[in-house]
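The letters A, B, C and D name the chains in turn, as written, and every chain counts its residues from 1.
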Amino acid sequence: MTHKIAILGASGYTGAELVRLIASHPNMEIKALTASRKAGQSMAQVFPFLRHLDLPELVTIEEVDFSEIDLCFCALPHATSQAVIRELPKDLKIVDLSADFRLRDPAEYTKWYGGVHDALELQAEAVYGLTEFYRDDIRGARLVAGTGCNAATGQYALRPLIADRVIALDDIIINLITGVSGAGRSLKENLLHAELSEGAHGYAVGGTHRHLGEFDQEFSAIAGEPVRVQFTPHLIPANRGILGTVYVKGSPEAVYKSLAQAYENEPFMIMLPFGETPSTRHVRGSNFCHVGVTGDRIEGRAIVMVALDNLTKGSSGQALQNANLMLGEDETAGLMMAPVFP
Amino acid sequence: MTHKIAILGASGYTGAELVRLIASHPNMEIKALTASRKAGQSMAQVFPFLRHLDLPELVTIEEVDFSEIDLCFCALPHATSQAVIRELPKDLKIVDLSADFRLRDPAEYTKWYGGVHDALELQAEAVYGLTEFYRDDIRGARLVAGTGCNAATGQYALRPLIADRVIALDDIIINLITGVSGAGRSLKENLLHAELSEGAHGYAVGGTHRHLGEFDQEFSAIAGEPVRVQFTPHLIPANRGILGTVYVKGSPEAVYKSLAQAYENEPFMIMLPFGETPSTRHVRGSNFCHVGVTGDRIEGRAIVMVALDNLTKGSSGQALQNANLMLGEDETAGLMMAPVFP
Amino acid sequence: MTHKIAILGASGYTGAELVRLIASHPNMEIKALTASRKAGQSMAQVFPFLRHLDLPELVTIEEVDFSEIDLCFCALPHATSQAVIRELPKDLKIVDLSADFRLRDPAEYTKWYGGVHDALELQAEAVYGLTEFYRDDIRGARLVAGTGCNAATGQYALRPLIADRVIALDDIIINLITGVSGAGRSLKENLLHAELSEGAHGYAVGGTHRHLGEFDQEFSAIAGEPVRVQFTPHLIPANRGILGTVYVKGSPEAVYKSLAQAYENEPFMIMLPFGETPSTRHVRGSNFCHVGVTGDRIEGRAIVMVALDNLTKGSSGQALQNANLMLGEDETAGLMMAPVFP
Amino acid sequence: MTHKIAILGASGYTGAELVRLIASHPNMEIKALTASRKAGQSMAQVFPFLRHLDLPELVTIEEVDFSEIDLCFCALPHATSQAVIRELPKDLKIVDLSADFRLRDPAEYTKWYGGVHDALELQAEAVYGLTEFYRDDIRGARLVAGTGCNAATGQYALRPLIADRVIALDDIIINLITGVSGAGRSLKENLLHAELSEGAHGYAVGGTHRHLGEFDQEFSAIAGEPVRVQFTPHLIPANRGILGTVYVKGSPEAVYKSLAQAYENEPFMIMLPFGETPSTRHVRGSNFCHVGVTGDRIEGRAIVMVALDNLTKGSSGQALQNANLMLGEDETAGLMMAPVFP
């Protein structure tokens, strides 16, 4: 059976990545693609790399006949997303890639994203989309909230460790290096090739990055007490990829064991041998996530490193993984392609 | 039916690219991987991006039991390749990615590659592997000689034009920009990131690049008279991709028509609308080839631009396309993945 | 004696490059910096790499007291530039970096840039700023029109050859590879790091690039007859650098001799030994220009390759070289810094 | 007065960077350049970006007449350096860029670099070359040991904080992102453009990087008690630049004040306003070092970020700064060039 798919916000990178992935999916067909400002254009115009595909033209959301859609991906900006989803049919399966339904507490939403959440009834229904940890809920969900790409990276390093109580909870640092596609197709000076290439800088330093809302929510829920981590992202000249370097206090062996057990049967989570560390280049374009653990020369300290592709495992691949579950497909359908190297 | 595959020379980029592609092939199984200096290592050690796959360990060629192999890819250096293939079973299907069996005239081989060709009986048997133009021969071949990646690019621009006599034969310039993976995994100062990034240079300027041997052979055969082109490759900081900018004298409309007809039913050859030009970024990691034609302000001159991924359409993807034909598989099996962008 | 300098349009790359160069000039002092939208900001805010310098705040052009300025660099967009310069004091020395005063024929200006030229009396006065060929005129000029960066590159390859009549005039191809800073600080999708990195594409293919106006004017004037060249620029992931690969018909030895003679005593023009070719990486950040000549395997054809830094020798360095002449300074003052490699 | 300079090991990046800098120095002249394997070649062959300079040919160390040299830079590998320097005239001023004379305790040298130190009498004489903190000693020194580039970065962030006791000493994390030129011109697969570009990875994770020896020595000396930090370097696709992100426990305001006071009168140390963070792109090719401090949302924690160019401020620029002091020149001579951006 072929599932009919709509992608709202197909002119951005996560929308295009969804098209790329679904094009190789055995049981999905793209029936509608929307883009507000680029409606009327073909995907070949907006993304010439998809030129070989036979795709529907970009239309406005209003033009979509949702009665023929089985599942809808929303790759819209936050705030826009909730306004759009509120108007969609109430029985339509939806995977949202925005931040709008990630935070269960409306006050937290306002704190990190500004504005008042306007679709609280949907929020109540939404399941947090970190597949490996919410798999059963996602299977039965109608609305799944894709996680932030940085938020996913940090959680892959830390959730099992907090759950297993093998690290101190008051002294966790998530240092992160990210490629530029996570910033989207937005036109900003510091995203120009001339300004981004050949260097590195930190941003949202000092506990101000929005994905901290997800860390706070999830880690506190696991711990059963408030957990606050430090989080510093850095931007480098790479299109795809996030490398999380997470500093924790605990026995490196216990840390390794906790993660290895958690990911033992996960199709996309790859534990490296103890002492080896990952590279974003080795997961590029794929849905795989590499996890490495090393000890430090200072006893009782460990470093967990996680590498994933922010557009795939960090957002659109994760979204498809969730959609597979929601539609009763094999979770890995369309997602087993190897990384592209070099 | 699952075909059993061996890859000789699996520690180089074209070998690894073959593994990447075959991993998604519905009817192929990798039974043997060889690497002389790295024998005994796992592919995960040599190419950690393949870590998620269950692959045979790297062995020496001598250790391979070829009786259980249906088809063998040779991704070895030229000269080595002929020496190895000469010793392989005479009924084994082989796709060679080296230069050893591309040139039908042994004198030409010596001219461009030095040394004497030592397997002339195999040369007589070999079919030139530019799939779109040798498809029928490849289907029945035992030994197929993969083309040079630059040679493929230039031929996609020019073969139909020469065959259709729509351009002057004595004034053809193939200007080419190539990414660095075409140089292989060789350790040279000018391939270091610090020396290659942030700039461009020409190499083998002035009619000295070895792929000229293929241009001479093929273009002259099509024309029925000696054809000599100018060819200048340039190296830029990109891992994958070749952009050919080919200057010809002829009617731009006739040039466009000739190419459009030639590629009308080709699954991987994509003609852009007249006046549009391709980008290597739009074919990265895929087996697609984009072809564009523009006229010049000077009447009677046209510019043909061709973009392909040197590791995929330019070598390993082409090799798999040919292997599909040789094994009676669908020509596109395992090769329809979309490019990776951004 | 210290010359007092104003830079109009200091928030763009050529403006910032002027500041970088003048900061090391022994006899220049920056008295005024303007930027329309960013007036009121400090240069440290707009270009943090200049943070160590003690610079005047950005102001509007109206706020500048030109009576205290000895020489003014205009790094404004074309059309804006002529409107601004028309209002400046008539005895103020000006080096304009825009396209507004490069083309002597107003019809040509309209053809390539659109709109009507509105300052024809200034055009009549302006000297074309390719220093090596207009040195004497520049020395006495009040208004110098900086050349296009691509136009400079092509002319360095071809002017002596046309003057010396060593090449055919009806069959010249300027193939050019350029870094991205030439496109300026403009916010366009295709200049984003995610879209520009890792690939190459041609643009303004087919004789439509504006710098052709300069080629037509200059080459025809030298030849004493209309000369029309082919010109195809390509954009690659590098911040700085232009590599011109120029295909000509003529004796390679005569071509080499003509260029070697022309540049024999030029402080910034470096001839490579015959048969060697340049790299943009070897002139990065400097005012030097490397020129190489090779023959082709086809007799009577030569390839001239020219590498320069578009922001330095191609615009702001050239501008300073001209300003030095206009102010009676040593032509090389502030410009002898070595390239930055790697 | 012009000082006569020799550079031993001129075929590596730090050697070439010394030549670049000295070429603009008002009072230095390069009299000898050595390179063991490349002796007999010209610098133009080894580093074509220096082609415009009139430089002595590369020779072996044995061929140098040290009697005519005022100061010698040693840019040789560690272990080689001590063997060479031992044989040089005992009154020759030397700035060593290797690791050989950085560690005062021979046991520490053996621990981090292996092998036994063979020139302990020279070690006793050597002054540690972090100019801002050893200025007076350097002025009178005969042998100065240039610091590690990572070691310099971490110390710029931490020395004043440890001296002023404004941070906890047992919980310091130096997270570092570095460009690739720090690895030198060595031929390794992971330094190839194809393997390094488009991603990030950590290396020497877990307290195994050799520059920890310098951190241990210097921080413990300042504190008067053993201090052990965590240090994780990451490699990214940039040629130049180190970005240190240093996590400390202490009042952010006190941290800022301590650093601002320490660097108040330093010509190359630039404090950013509180809350702003630096980028390596803004110091590229220069001797400047940008320092930023932010608080975290968790009280009592601060993040210090330091950006410098590893080849300039991190090694060859530092070396020249020290040489200036040793020769009685202005400390900033030849070093005030602005960074190159973009």
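Criterion: a contact is a pair of C-beta atoms (placed from the backbone, for glycine too) under 8 Å apart; a residue touches a chain by one contact, two chains touch by 3 or more.
This structure is a prediction, so every number in the text was calculated from the model and none was measured.
Student: For the pairs A-C and A-D, output the one whose chains share more C-beta pairs in contact.
Tutor: More contacting C-beta pairs are found at A-D.
Student: Using each chain's Cα centroid, which is most distant from the centroid of subunit B?
Tutor: In terms of C-alpha centroids, the chain at the greatest distance from subunit B is D.
Student: Between subunit A and subunit D, what is the separation of their C-alpha centroids in Å?
Tutor: 39
Student: Suppose each chain is reduced to the average of its Cα coordinates; what separation in Å results between subunit A and subunit C?
Tutor: 45
Student: Hunt down the residues of subunit D that sit against at least two other chains at once, touch-wise.
Tutor: 13, 181, 194, 197-198, 237, 239-240, 278-279, 281, 284, 342 - these are the residues of subunit D that touch more than one other chain.
Student: Residues of subunit C touching subunit A in their complex?
Tutor: For subunit C paired with subunit A, touching residues are 13, 180-181, 185, 187-189, 191-198, 237, 239.
Student: Please name which positions on subunit A make contact with subunit B in the complex.
Tutor: Per the touch definition, subunit A meets subunit B at residues 13, 16, 19-20, 23-24, 47-53, 181, 197-198, 239-240, 270, 272, 278-279, 281-286, 288, 290, 336-342.
Student: Under the touch definition given earlier, write down the residues of subunit C that touch subunit B in their complex.
Tutor: 171, 173, 175, 177, 179, 194-195, 197-203, 205-208, 212, 228, 230, 232, 234, 236-241, 243, 245, 247, 275, 277-281, 284, 294-298, 301, 303, 305, 307, 342
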